[in-house]
Amino acid sequence: MEKIAIFPGSFDPITCGHKSIILRAIPLFDKIIVAIGKNALKSTYFDLDTRKKMIEATFADHKTVVIQSYTGLTIDFCKQVNAQFLLRGLRTSADFEFERSIGQINKQMNPDVETVFLLTQPEHTALNSSIVRDILRHKGNVDQFVPKEILPFLK
Amino acid sequence: MEKIAIFPGSFDPITCGHKSIILRAIPLFDKIIVAIGKNALKSTYFDLDTRKKMIEATFADHKTVVIQSYTGLTIDFCKQVNAQFLLRGLRTSADFEFERSIGQINKQMNPDVETVFLLTQPEHTALNSSIVRDILRHKGNVDQFVPKEILPFLK
Amino acid sequence: MEKIAIFPGSFDPITCGHKSIILRAIPLFDKIIVAIGKNALKSTYFDLDTRKKMIEATFADHKTVVIQSYTGLTIDFCKQVNAQFLLRGLRTSADFEFERSIGQINKQMNPDVETVFLLTQPEHTALNSSIVRDILRHKGNVDQFVPKEILPFLK
Amino acid sequence: MEKIAIFPGSFDPITCGHKSIILRAIPLFDKIIVAIGKNALKSTYFDLDTRKKMIEATFADHKTVVIQSYTGLTIDFCKQVNAQFLLRGLRTSADFEFERSIGQINKQMNPDVETVFLLTQPEHTALNSSIVRDILRHKGNVDQFVPKEILPFLK
Amino acid sequence: MEKIAIFPGSFDPITCGHKSIILRAIPLFDKIIVAIGKNALKSTYFDLDTRKKMIEATFADHKTVVIQSYTGLTIDFCKQVNAQFLLRGLRTSADFEFERSIGQINKQMNPDVETVFLLTQPEHTALNSSIVRDILRHKGNVDQFVPKEILPFLK
Amino acid sequence: MEKIAIFPGSFDPITCGHKSIILRAIPLFDKIIVAIGKNALKSTYFDLDTRKKMIEATFADHKTVVIQSYTGLTIDFCKQVNAQFLLRGLRTSADFEFERSIGQINKQMNPDVETVFLLTQPEHTALNSSIVRDILRHKGNVDQFVPKEILPFLK
């Protein structure tokens, strides 16, 4: 059976932390779906189309990484695309407590989907999309925090 | 390339928590080596041979799970058996902090080995081998905490 | 002196986690007041009247459990109803840090009120009202997360 | 039914933190058994008899507080003395993770015993018996860390 | 070289916790700039001018403490005022995780600025401006939570 | 008044993490005493003299860093050498909980000594002397974990 994982998030924008997790997970799965959650209630810094293009640019050379957007519960999207695995990165123990809750609820709702965690690399522990947006808003330099492939989208 | 993971520990004795992590990891890997670390300095409750037999009994029906013992650094044992993955279970945030340290040091010593984490199931969060040994020492009942396959070894 | 505890929250809606804490606290107190905090600034998923009825249905058979709503500081409501105890459930260490802050501030404002904590059961650790609302919004099934007594209110 | 709680520990020696938890729990229970766990494997700073006398001196004026020593599992001692409650203090989130594990295992072994937690007061958060012993070993002054009733035992 | 630290925050309003950190940091630095971050998107309980006056009143007798407001990234403001140090208080481990992220990102953006942490005193661990505002909103008494110098501003 | 800090530890051996904290603290203090705690009860991997020489080699070019050994309580040693500050590095939230306890007890025993914390750099978060000793014991390579100045001592 093909091993399919989804890596859900809003990717507003994708960071070096996301990129590193996905690259290291490639050997584990036959297909990784980077799944952009659409939330009608939350406004984003980058529109959906730009976020999609940034992720595509980042993984242009990696054929097993595909990008999709979805609405509704993440666990329902897993069933829809036949994903048996949810891929997540862990940075801090606050992260862990949050992810454990989500992971356990998902397991109760659909026992066939397993959440698999990789560690964020030490130099990305402090990083998240919200910090990147904050720096962008103040015209700061984010070059060391995002994949070089998305820099053209930030000009 | 064959996907090989090692699941290291002292398994003194194997618990329901260990068993559940390994069973859920089977679909991810081609081979899982349950690796019993030998530590000349630490005395154990069960001898190495008994611990090995208890694990064998637990996974008798699962051909991709094999048992080996090792000395030295875990990360060196990975190279020796061509394992690209270290499998670990996460129970609490204290666990996570500890595992993150070990995982990051291992990554610095051998970047080719990735640590992969699964969540312990809620009902096993509180469980570990040391608690089981403590109950055994006081002649308490551990039936709900260990795999039923190892009960014959506890009489 | 009669031992009165209040169990404050917004109960939007009451979950299996809340129910379990209250049931296990019944032997400790002569009266438990489930206290629904009214917050003019926050909109809720269920209106106050429905939340009240759901809690009443859940504890119909338990005479020492009563339901009241209140505005203002929780610690002031304690004085108003002569409650010497604040009852809280603890799920995670993030929970604990938060509850400790609130508990210590309350203690400084009114040393006569003691906060008493019970542990959430392992299978409810991941559960909270916000997750239940999220599943309801996406038309998911919450039967295993809420008291069976409130299911009629969710149709 | 009489409400009986046990407050287990080694009390080597009793600290201001222990005293404060017990005093504040008195209104909750009909009887609190301060239960000194005897562990043949661990050597203590004060012998059992001295520890007992120090606790007796501390609660001389509180008739519902009694002192007993025990061997074996704490949860078994609860049954032996008909205690339905285990009383524990919570200081830090590390404490909480540890106590949650013990509490959940105890609950699985005997569902009739409920663990009840009170918060340590802010000024005692950092305090434990091991720190007190460390200061005593170095001839430091522990007057602000232990009940004044036990000072005669420290000369 | 003059040692300059900034202590950033919104101080809405300044609390006893803030005051204690700053007073204890005075011996470490030649100048401490209490830096009020202006955020066009967030509305505050007290206006900027009142917050400034409250801090001035609190440190009227301390010549090395000065007050300034700023917009933009905190790390950029450091460069602007030649501050080599960022001063922060630590209360809980949740605090720590958050501060570590901010501190590490700041270090990556400007390696010349070092973040220096002092511990909040035990009796202020639970305290923050948001709790003070909440009590004020409900007409409660905050006298024990804020510097006595700011009480005139609260009438 | 001269600003003196002590940086206490057993330094068995000194790591890159220790070195980084001390180097970054140099601009804060007039003198930093690296204070090696002697504990008659604990055996060490390196003897006191070697540990001292390794630290001396590491800071040969830094005149304000001096090395001393001490017995007894750290807080008493501060008084003895007129240190007003205790310098500590923070790596994880487990670290923080531990350091907060020690810092608060020290503050209660001697309010004139302030504990000052710096953040460990991300790439050293996982590192400690015990891990270095473990690798040395198994003949592994520790070059990336210790100051290059101490490598001659490890042959």
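Read from first to last, the chains carry the letters A, B, C, D, E and F; within each, the first residue is number 1.
As a working rule, a contact is a pair of C-beta atoms (placed from the backbone, for glycine too) under 8 Å apart; a residue touches a chain by one contact, two chains touch by 3 or more.
Bear in mind that the values here come from a model prediction, so they are computed numbers and not experimental data.
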item	value
Intersection of contact partners for subunit D and subunit F	B, E
Other chains in touch with both subunit E and subunit F	A, D
Interface residue identity across copies subunit B, subunit D - same or different by half	different
Angle of rotation relating subunit D to subunit E [CA atoms, steps of 5 degrees]	180
Of A-F and C-D, pair with higher C-beta contact tally	C-D
Centroid distance [mean C-alpha coordinates] between subunit E and subunit B, Å	47
Mean-CA-position distance for subunit B and subunit A (Å)	29
Subunit C and subunit E: spacing of chain centres that average the CA atoms, whole Å	34
Residues within subunit D bordering two or more other chains	92-94, 97, 100, 103-104, 122, 125-126
Which chain pairs touch, all of them	A-B, A-C, A-E, A-F, B-C, B-D, B-F, C-D, C-E, D-E, D-F, E-F
Subunit B-facing residues of subunit F, complex	92-94, 125-128, 131, 134-135, 138, 140-141, 144-145
Subunit F contact footprint on subunit B (complex, rising order)	72-73, 76, 93-94, 97-98, 100-105, 108-109
Subunit E residues within the subunit D interface of the complex	92-93, 122-123, 125-126
Subunit E-facing residues of subunit F, complex	1, 3, 24, 27-28, 84-85, 90, 93, 96-97, 100, 103-104, 107, 114-119, 121-122
